[in-house]
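There are two complexes below, and they share chain A, which is joined by chain B in the first and by chain C in the second.
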Partner chain A sequence: MTNKLITPNPSRRAVLGGMAAGGALLATGLAPRFAQAQSSAPIKLGFQLHRTGIGASYGRWYERTATAALNVLNEAGGINGRPVEIVFEDDGTDPKRGAEVVEKLTSQAGCDLIFGTLFSHVVMGSAPRAGELKVPYLVCSEGHHVASGVLNRWTLQPGITDVKSQVQSMAPWVTTNLGKKVTMVFPDYAFGHDHRDFFTAAVAAQGGEVIKHIAIPPTETSFTRYFPQIPSDTEVLYHVMVGPAVLTFVKELGEFYGTGARPEIFGFIDSLEAVNIASPGLEFLEGTHFWEGHPRYKQADASEAEGFYRAAIGVDDTGASVSDPADVATYAHMFSAWETLFTVKVAMEAAGYQSTADRQKVVEAMEAMTDFAEGNDHPQGPKVFNGKTHQAFGLQSISKVEGGKLMRVHQTAMEDGFYPDEVDYTSMSF
Partner chain B sequence: MDFGPFLLLALMEGLVTAAVLALTASGLSLAFGIMRVVNVAHGAFFMLGAVLAWFVSQWVPGPAALSFAAALVICPLIVGGIAALADTVVLKRLNYEPEATIVATIGLLYILEQAALSFFGPDARPVPAPLNFRIQLPWFGYSGYKLMVVVGAALVLLAVWLILRHTKAGLVMRATQIDRDTARAFGINVDRVYAGVFAMGAGLAAIAAVLIVPIQQAHYLMGGDPLLLSFIVVIIGGLGSLRGTLVAALLIGLSDGVISTFFAPTLAKIIATLVVALVLVFRPQGLFGTRAA
Partner chain C sequence: MKADRALVLHLGVLAVLLALHFTAPAYHHTNIARIMVLAIYAMGYNIAFGYTGLLSLGHALLFGAGLYGAGLLVYHADASAPVAIIAGLLAGGAMALAVGLLALRTAGVAFMIVTLMFAQAGYLTVLYFGSYTRGDEGIVIPRAARMLWGLDLSDDNTRYLIALALFATALLANLALAQSRFGRIMVAMRENEERSRMLGFNPFTVKLTALIVSGLYSGLSGAAYGLMFGYVGASLASVQYSILPLLYVLLGGAGTVLGPFLGALLMFYLIDYASAVTDAHQFVTGAALVLLILFAPKGILGTLRARGLKWLP
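After this line comes the complex of A and B, so read on.
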């Protein structure tokens, strides 16, 4: 009926019929009319974005990635045949503001669900509010807080592996190839504590030992003063740092060791996200190793989907923007925004999603998922999803800096990252 | 690492902190000593200096040393100009009433921070150091540029001291500090002195920022720490006393270096803040300040 109303030359009969139907709809009140229009109204997804604050470089690229994924999604017909919109809202990388953003996206913008949050302290601050508002909250934060069971049934992490799984799957390679006596440098909050707890345990399980933990406040701007705490018998220095000062961190690390003897260095690429590895002062990184969620430099054996994904966002083969080589992507993490969007599509279609009344069905549909195949929807690689713990598991890469480029030297197997369930969210009430 | 090299590194780090802190705090101290204005926007002026240094490094072609030298001249001038404008347009109209100026400078802080966010963006951006050499000691390497920062800061502070002690401008400033009304009676244009002093204070913060930015990167939120530390230094040293500011900056900078290297940086901040509380209780005028009449 509505289709006929918008044909260019409606017949008199069609117009009269349409008016009668319209009148009938108006007469029966707002609700049925809305239900009728629902089938073609856009689905609105809220994106909690770190546009400003300490997560800004991630936010810039998450917005680009999500926008590119959205275009791909809409060109392929959207979700259930309905077009999709993303409402981006800045949270200032601030937990307090994060909860307000969840509220605003849900209550004011009327979003069907919310996704995209990276920084774990913002997730911790926002997830309870999402639970209260009963809105699906899909995070991209790597934190173990989802699978550990401290959050709620409405919070899921379908787009990226958590830290516990990441470090557990890589620890054997590190202790076998680099050394068994490890010193860890990490940010002093939830995300860093996940690294501290799980890598320490994983190294111990391999017969190695973490001999020193060095926690650094996340707002720190100067790091040299922490380095003397690194014991001289350290064989492997494990570093993971976040925030605007990451370049300073690696530079000062280079200055500190200089040309003298140094331990093997294994870092999380977080310490270097959005930073050009060819920056002056970073030459010492040659020969060191990094974890990468997704290799920044396009590898020789890269899949077709990998090329499609880079082209869609506008990232070149070195991981920088095609329009500005100085604008380096947060490449190892941002695939999670892309992949999460496509899991939303599958879940909403499986749930027969119509309106916000069906939010619970989306969560249930997601909990029923088991795995995602590698492809344009999942360019980082295949994933296994655990519906009970709400956590996805994928493959991790270890790269070595060779000739100023990150070259993958090891990829973990899926099973390396599995651990026993710590929670069963499906047994919790909504 | 052995105790000796450990201490050496701690002292070197402390010296860099002290040098930059002395510059920043002396700007704050100057504005308070002469104008009795508690400038909460001082950290924002610091940040502005660093952000402008990034713009200069983008616009000035040639080697990093050249653009750095240009930044060292241009940034304090622009920041000083903005400060003088803020003084004339805002602070003067409030008759420098203490409560009103505090609120006004808080507003100024937000305006400057948001302006930096709008025009510079939310990212931290590196500014190349003018020289890139490293001192390789037997136990650890150290940035040669950091030592240059100490020398540079000392030279600027010496210049400030010479200006205050041995030039007519300095004489006029000191006269205004001692008695504003009498100075005016002697034909001193107090309004211009105030604008000049406020500009000079902001300019000192900007110089400190230009010196530190190759180490730390420019970021729109970088003004918080320098502001807090400057207040600590100025309160311990005695508000308005340049000598006290220098001594306190050395004290806080070196103890910060040693405590944060041997224990934890957070502990260093806790102790510094505790010292401030003790000074306020037992010697409210500060170590070198004179008791208010």
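After this line comes the complex of A and C, so read on.
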């Protein structure tokens, strides 16, 4: 059976088009002036922001990061010599509202493209609408959804490594340095399941074994009853909890082990983003390890770009706001908002972007990209971009809590995070 | 005559919606399509709550049954969209039957709690079977699967007209139901269950039937939403989606046929405009509802009906 598109007759576009044509005739004398103004008009970028909802602590810092990056971008001449504006719109960290925000930014605010989305369910809810509207949608989510091939030609992730790559690249160091018998504690929904599946496979590939999966229901507020399930021969406890119960989780884990022997502990910093690692009750974390997408504490060998980036956003060397030390950044992730904006600049300039009619050229220009060098535009480090899978790959850090600070003890190599392509978006139609 | 006036009003609303298809700006065009689909859900809720007096806090289970009934069939079994929509509709009705058989043994606050718990169990079930549902992250329905008898549901024009067709069918069926003998029995059950029983009507049967009809509406809406907008996720089956239709109905007018649509429309734009002004848009929405309950507890159309438009169904 073949499916063909049936459109109503007369279509609303035809009616609106006729009205627009009539208006254009009346305004003929003004047309050249408008065209001239348009070429120097600001480029409008929509930012789908988690200002409220479960992602609000991230959203606050993503907004600051994107605003700081915008200032840097405009001071350096904008994009193609045109100034750039960002239109922030709250999606409530909700996928339904997310799709509506994509619509609003595109159809009402007239944005040239949209970026900035973090939470995976919002990406999944919004990407179909972005594809229908044919607007580039650049997500900062670290989800594997883009590279897995379930989205569309218009959705790309050029500013942050996906979770499959992150997990795979760290497994060798974990099994070599911490232990080969791993117990995983993770939230019992898609985010946790990704960690479970990818890390289990990666550990097995290193000759290790995940001996126990402990899935925590999302409604859980106390975790004490799960800890006895941890096998006594566990060498590494891998945890990746998110949400408001994270502090309780870590504190109860500390109470469970007390001062006695415990396995090595390796966690994702997602558990403690925007939380001061020196908070009362977290002393137990001393000596444990964390993945960090971008080290929160400024390291001794930090690049100049790292200092430039912190100063531009207003983050001190401990990863907190310079104006309020209690306001800890979501530092491990928020670089993606910054770096994505600078990939937009490169793509738009390569595409000779003039108007929304050139949106497809932006996607094609981005697909042609291969790598981004470390520098002020990419302070987290160099990236390799796979145009076929629409996914960026970067370096990951493993940090150890020493004296209440996160100190990097290992940085992965770029190739540690590569895996075979699961999709070729360039073969899909727009 | 009353029936004629009511029919003209409802057909007029549908005519306005058709006219908006040709004239509404793009942003509002898609919004109205979305609102029409959600209004079907609210109409279903209104049949249970507004007409029959069943204050459910678990209708997200019925919406979710339609959403996943259709979405999983398409995603995992390559079912066609028409089959999926019918499956979603039936899933909503079947779920309402199952819940009703148990929950209708209770009434009042107990009914609210039981329905809430059923819905929460449904939500957690979606998360538990994450390997099929992708849990909180959800699944994207491929564009190629969103074809309804050759009509591309991802096309803005087609989607609007399909949404309008479904909404019109649901609205006119709701009008017919409200004006039918069974509609009056539902209202009688809401107003005085014991007296209705004395008149020979079985409250359990009437309420179960109303709940099943409500489930069919909810299931249809969930299925249509998933296929039209291409996303099926657990958040759409969360407690928030049990509260939303209640708010739509309270705002528009419980026990009025057009109230759910009006409530959905106003609530959507209240959130939309409030979020452009303040981060505390949920506070604005809450404050508006408090004011509504204080000064117009029957909702907008309910108040209009009480103040003169007595023919309003």
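The rule is simple: the second predicted complex is superposed on the first by the 391 of 430 C-alpha atoms of A that agree within 3 Å, B and C clash if a C-alpha of one lies under 4 Å from a C-alpha of the other, contacts with A are read in each partner's own complex, and residues count from 1 in each chain.
Convention: contacts are C-beta pairs under 8 Å (C-beta built on N, C-alpha and C of every residue); 3 or more make two chains touch, one makes a residue touch a chain.
As the structure is a computational prediction, the values presented were derived from the model and not from experiment.
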First, second, both or neither for A:H410, with chain B first and chain C second: neither
Of the two partner chains, chain B (first) and chain C (second), which one does A:V150 touch, if any: first, second, both, or neither? second
Please name the chain, chain B or chain C, that touches the greater number of residues in chain A. C
Go through the superposed model and pick first if A:D94 touches only chain B, second if only chain C, both, or neither. second
Kindly classify A:F256 by the partners it touches after superposition: chain B alone (first), chain C alone (second), both, or neither? first
Answer with first, second, both or neither: which of chain B and chain C does A:K400 touch in the superposed model? neither
Once the shared chain is lined up, is A:P217 touching chain B (first), chain C (second), both, or neither of them? both
What is the contact status of A:P128 with respect to chain B (first) and chain C (second): first, second, both, or neither? second
First (chain B), second (chain C), both or neither: which does A:R51 touch? both
Please write out, lowest number first, the residues of chain A touched by both chain B and chain C across the two complexes. 51-52, 217
Chain B-touching residues of chain A, taken from the complex the two chains share: 51-54, 56-57, 59-60, 217, 220-222, 224-228, 230, 232, 244-245, 247-248, 252, 255-260, 274, 279-281
In the complex with chain A, residue positions of chain C that touch it: 21-27, 29-31, 34, 124, 127-128, 130-131, 134-141, 143-144, 147, 150-152, 154-158, 160-161, 229-231, 233-236, 272, 275, 279, 281-282
Of all residues in chain B, those that touch chain A in their complex: 1, 5-6, 9-10, 13, 17, 117, 121-124, 126, 128, 132, 134, 136, 138-143, 215-217, 219, 221-222, 225, 257, 260-261, 265-266
In the complex with chain C, residue positions of chain A that touch it: 3-8, 10-13, 15-16, 51-52, 89-90, 92, 94-96, 99-100, 103-104, 107-108, 120-121, 124-125, 127-129, 131-132, 143, 145, 150-152, 188-191, 193, 217-219
